[in-house]
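I have a structure here, written as structure tokens, and I will follow up with some questions on it.
Every chain is named by a letter (A, B, C, D, E and F) in the order it is written, and numbering of its residues begins at 1.
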Amino acid sequence: MLKEACPECTGDVSVAPEVELNEIVECAECMAELEIVSREPLIIALAPETEEDWGE
Amino acid sequence: MIRAGIVGGAGYIGGELLRMLLGHPEVEVVAATSTRLSGRRVDGTHPNLRGLTDLSYVAPEQLPECDVLFFTASSLDDPAGRAGLAARGKVVFDLSADLRLKDPALYRRHYGREHPAPELLADAVSGLPELHREHLRTADLVSVPGCMASASILALNPLAAADLIESRVTVDGRVGSSGSGASAGEMNLHSERSNVLRVFAPLGHRHQAEISQATGLDARMTATGVDAVRGVQVVVRATARPGVTEAAIRAAYRAAYAREPFVRVIAQKRGNYRFPEPKLLLGSNYCDVGFAYDAASRELLVIGALDNLVKGGAGNAVQSMNIRMGWDERTALGFPGLHPI
Amino acid sequence: MIRAGIVGGAGYIGGELLRMLLGHPEVEVVAATSTRLSGRRVDGTHPNLRGLTDLSYVAPEQLPECDVLFFTASSLDDPAGRAGLAARGKVVFDLSADLRLKDPALYRRHYGREHPAPELLADAVSGLPELHREHLRTADLVSVPGCMASASILALNPLAAADLIESRVTVDGRVGSSGSGASAGEMNLHSERSNVLRVFAPLGHRHQAEISQATGLDARMTATGVDAVRGVQVVVRATARPGVTEAAIRAAYRAAYAREPFVRVIAQKRGNYRFPEPKLLLGSNYCDVGFAYDAASRELLVIGALDNLVKGGAGNAVQSMNIRMGWDERTALGFPGLHPI
Amino acid sequence: MIRAGIVGGAGYIGGELLRMLLGHPEVEVVAATSTRLSGRRVDGTHPNLRGLTDLSYVAPEQLPECDVLFFTASSLDDPAGRAGLAARGKVVFDLSADLRLKDPALYRRHYGREHPAPELLADAVSGLPELHREHLRTADLVSVPGCMASASILALNPLAAADLIESRVTVDGRVGSSGSGASAGEMNLHSERSNVLRVFAPLGHRHQAEISQATGLDARMTATGVDAVRGVQVVVRATARPGVTEAAIRAAYRAAYAREPFVRVIAQKRGNYRFPEPKLLLGSNYCDVGFAYDAASRELLVIGALDNLVKGGAGNAVQSMNIRMGWDERTALGFPGLHPI
Amino acid sequence: MIRAGIVGGAGYIGGELLRMLLGHPEVEVVAATSTRLSGRRVDGTHPNLRGLTDLSYVAPEQLPECDVLFFTASSLDDPAGRAGLAARGKVVFDLSADLRLKDPALYRRHYGREHPAPELLADAVSGLPELHREHLRTADLVSVPGCMASASILALNPLAAADLIESRVTVDGRVGSSGSGASAGEMNLHSERSNVLRVFAPLGHRHQAEISQATGLDARMTATGVDAVRGVQVVVRATARPGVTEAAIRAAYRAAYAREPFVRVIAQKRGNYRFPEPKLLLGSNYCDVGFAYDAASRELLVIGALDNLVKGGAGNAVQSMNIRMGWDERTALGFPGLHPI
Amino acid sequence: MLKEACPECTGDVSVAPEVELNEIVECAECMAELEIVSREPLIIALAPETEEDWGE
């Protein structure tokens, strides 16, 4: 597993070595959706916001 | 008998409006709309009304002319459609959040878009009888406040009006699942929503803007979903101004609510129900308010409770209608709530 | 206005009587007794009545003369005391189990002792309007049936009367914690009683004798405490006689209840609430009855639901009083129940 | 360490399998599939696993070779796909209803269509260790029974095997909302599903066929949804054969279960928990069974309780796996349940 | 195997200690005392332990010598008796409130009387491993903090220690009915305690003194009883110091808890369980902590959750014992909690 | 522990050797209250009924 810092919370994000470009991974710490925007070097970015309403 | 219509009759607010209006001696419900359920019996969605009515939903475009018209859901996505529907009612009660904030900038901040019909805002009178009774007597457009906002405003306003507290207050709202309406998503499945203490709005809940607007206070609001279907409780932390006594606080509440038919001050030293408890208010139009005060530290806890679908919504609308029509304000709102429950 | 008194006003049945009678246009509540709480305000024990009354409990010996008198708890331990109290009411409604079984031998079997006042049994009319309306018009002593018994009798009687089912039926009763009253013991602590499916009467629950007495059927009853405060549901297994059709069953129910103001037949093929559901009846005086039938096997499931404190107790008493006094039967019983809840 | 895979890991049964297998010292979970959530962390759907695993779901086609494979949902709609997946596991545990009924005709009657893969039925061993332990030691295809069926079979089988009861029994099943899975519809919204006593299967619930198949009895089953998330209770009415004593019934249970690690006989004369109570079993692999008997009438009430997701599903599967692999049967199943709760 | 004894084994904390210690591979429970139930089986009061133990309660005077001894209830009313009992244990874990406040003056203020045994206070080490692990390795007297105090301290301490927040914080505690113990009174009857949002401590709850003592902050605490049996949630309002970023807050939590086995940081942007939710922790020894922050206003909401009987009581004691004895800290504390629930 | 059959349910009742005359023990299986009516030989009998109402 590769480790990368989450751009949202700076937590460790585990990324499988065989990950594909544009794949979505999640940050365990803040559950942000992250997109693999580059594989070598590994770069992850916040995925386009699919804002989930959680209101009542 | 006046003719009443309900736009969005299949929702939870629509159901409560139907329950109350079907029991109202001066009102005939001539139509309840539903896009999805047009042609279906209303008691199919509101099973507590079985035996009380043979009404079926109509599509919005079939809405007839009405004396009073209740909008239960936002219609801002289609301002022209809204205008068309609204034109069929002489007096309109809007239960959505559309017209609650007077200032379009506030709307933008809290709802994330421009207000599509700012021209409506000026005319809308707030459907909170305890604060706006006189205006309601002649209003043709009434905007009913949010459920947690109503409880908070009724709990705080006597203190704010009498300038007994400092401006900054923190509001901790607790609300049951019916607050999300009948079309809630997967996160409201019974297996997920049961037993929760779900802090769904940790900071900046939208109702804080309504509270600030009505009371002039600087309210900061958190909201938690609890394992109840109905019911709102707000627990507010405030700081009394120097020198304020418990007697002064009680006096402010008494002055404000002694003659109000639907607000009770509950702040008792003994018993199982010393402070406002929403479970006692299910189905009732009461808002109970109470407080605890420590003069030494000037810490003040203010508590409000109501049924979100009644005094927090449909009941406020019916009470406002009673005022507007010149009837006894309590008509069709007589159910006091249950104990034990 | 007639004068009403309640003996045992501090219990759960007493509270419901107060709620309904305080809202009754023809009735003035002149006294509610409590031994333990004499001198205390009734809204101390029944917080839903805050703002509705200033009444305080009186000791039983202070009970004044009344037109109608409600007994909420057994008074057989002191037959002389009971006689003294009963003499203060022209018409007495007894909500306890004291006078429900006509045959003292049955009482002995189910309550484990001789009936101390068998002379009262002959005069007591059963407070179930659907079966005994005519007798109630002139009754001076009314005995209201048990909550699960009422639901079962209303669910079964149309079928028994039309001889559509075999005699042996099994009744599975489910009941909330208020069925144990306000003085329940440690086993009803919230931490113990929450979330239960407590089979507290596996075989031979007392109400089966009432059901058999009223319907002529051979009922065998099991009872389970569920995690609700209010509400009774009975699920009855019966066997239809050969040749009986679903249409015949529906017809029997329709004939029995078409004109009854407080019984609805709920047996639907679609929707979330196809069969009687007690939660929809909280606070209401309805008893909903329904059924499902498999003609091939002649298996018949009959379901009844009500609020144990209302149609299962205080509501039946008030409805009986309305009949006895010649008023509209529905007076003070108009609350239809809530949804969602 | 053996390698385990879960097909359908995002459902409620999948979550329980994950919880138990992650705590199993002999098992490594190599994959959990989800079509909808492929690539997402499993602790996103199963938040109780946060901190315990970094696993993410894979698409079914990515499922690697496994020693043991758990199917959690029906795969009959795509028999070829199922076969392909099943081939990746040396031993398959099927938790769906697909293979529970041995007779395809029964399947047709209860599921309304032809069984698409009847050739699988002969090999499937029932994953109920108490009845089929010896077969499970060598089984390569295990079909775990339904939750209410398991409780009923464990409650009835000792009596049926010893021929102590007549063939006809009626089963009243009560089940929490998790029994409907994570993808339940609008009728399982919290506001609708809370507080219910929903008779969702008045007659002929599918599990009755499983009960009859396992015990040889003629079972007739009703099912009610109750306001719980987890938990099953079955209340069974049976008639003892002439001459049967309470001692004989106890002896039959004792003989059957004295050495069973996960069945307890609960039939007590005192205490708050005299009969099987599902709330005490949440998260545990126990099935509690009990009874009450009236020798005079030969009425026998038999009660069973379990957690539908554990002993009623995932726990039975893990226990079966432990047997199949020759491990201590109790491995990873040690949690006894909580009180108070 | 070491020998453990429990003084006050029949209470709710006693039951949880029994559950955990019976599953502990290094511990033999040699005695659990009960004055009221001496001679009775422990599974009579703790039905989840049926099948796991044949232990019966002994009277306190029969308590044998033990290696570790757990006190579950206050024994200050009889300091000599306490001393006698305590002498039978080499290491004592006190779960009562007796020794939590170091300063006898604070005790006097909060408990309304002089501390009867102030000489004990100096030696007592706080049983909160995350703050006092090193001291616990050699402690012979351990005082376990209150349930809401533990949640608050674990939620606040990383921020206080890093000086990220201003001193004044307000704590809103929510707690289930088991927090009142097994001997709660009539106000905890199911019919009264169900469905409540009971503000039982509007201002100045005792645990605020513990929070202030541990964190150095000026905590003001309110407490509400909610309709749950187990579970604590604290919602804390704090103000960040100028310039503090969300990243700094996360970093403080991460630094504090990255290696803690029983604290998880839960502050997520998506999903149904974004913040600490007590229902997910029932039976588990986790304390989940989380936060939401608005840098513009410096408003910070901090949330903590745990099971009051486990990490809020018995679990903290067992974890402390594991530390004291040099065992793996997680021994007998492996249950992770359930979902759905 | 001595074992004796419960007079209510015939289940095994464990009795400590040091049990005293007239002491109450409980049957694990049916929770009946049992009284030690003789020590040698060990005889246990149903304790006088303290019927607990469990009704609602």
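The rule is short, and it goes like this: a residue touches a chain if its C-beta (ideal position, glycine included) is under 8 Å from a C-beta of that chain, and two chains touch if they have at least 3 such contacts.
Because the structure is predicted, anything quoted here is derived from the model rather than measured.
Number of steps on the shortest path from subunit B to subunit D, with steps defined by chain touch: 1. Residues touching across the subunit C and subunit E pair largely coincide in numbering: over half of the numbers involved belong to both copies.
Here A-D and D-F were compared by C-beta pairs in contact; the pair with more is D-F. Averaged C-alpha coordinates put the centre of subunit C at 41 Å from the centre of subunit F. The distance from the centre of subunit B to the centre of subunit F, with each centre set as the mean of the Cα atoms, comes to 61 Å. Residue positions 31, 54 of subunit A are each in touch with at least two other chains. Multi-chain contact residues of subunit D (touching two or more other chains) are listed as 12, 44, 50, 178, 182, 191-192, 194-195, 227, 229, 270-274, 277, 340-341. The residues of subunit F lying in touch with subunit D in their complex are 8-11, 29-33, 52, 54. Interface residues of subunit D facing subunit F in the complex, by the touch rule stated above, are 246-247, 250-251, 254, 265, 267-271, 274. Taken in their complex, subunit F has these residues touching subunit E: 1, 14, 23-26, 28, 31. Residues 170, 172, 174, 186-187, 191-192, 194-199, 202-204, 220, 222, 224, 226-228, 231, 233, 235, 237, 272-275, 277-279, 292-294, 297, 299, 301, 303, 305, 340-341 of subunit C are the ones that touch subunit D when the two sit in their complex. Against subunit B, the residues of subunit C that register as touching in their complex are 12, 15, 19, 23, 44, 46-52, 178, 182, 229-230, 264, 266, 270-273, 277, 280, 282-284, 286, 334-341.
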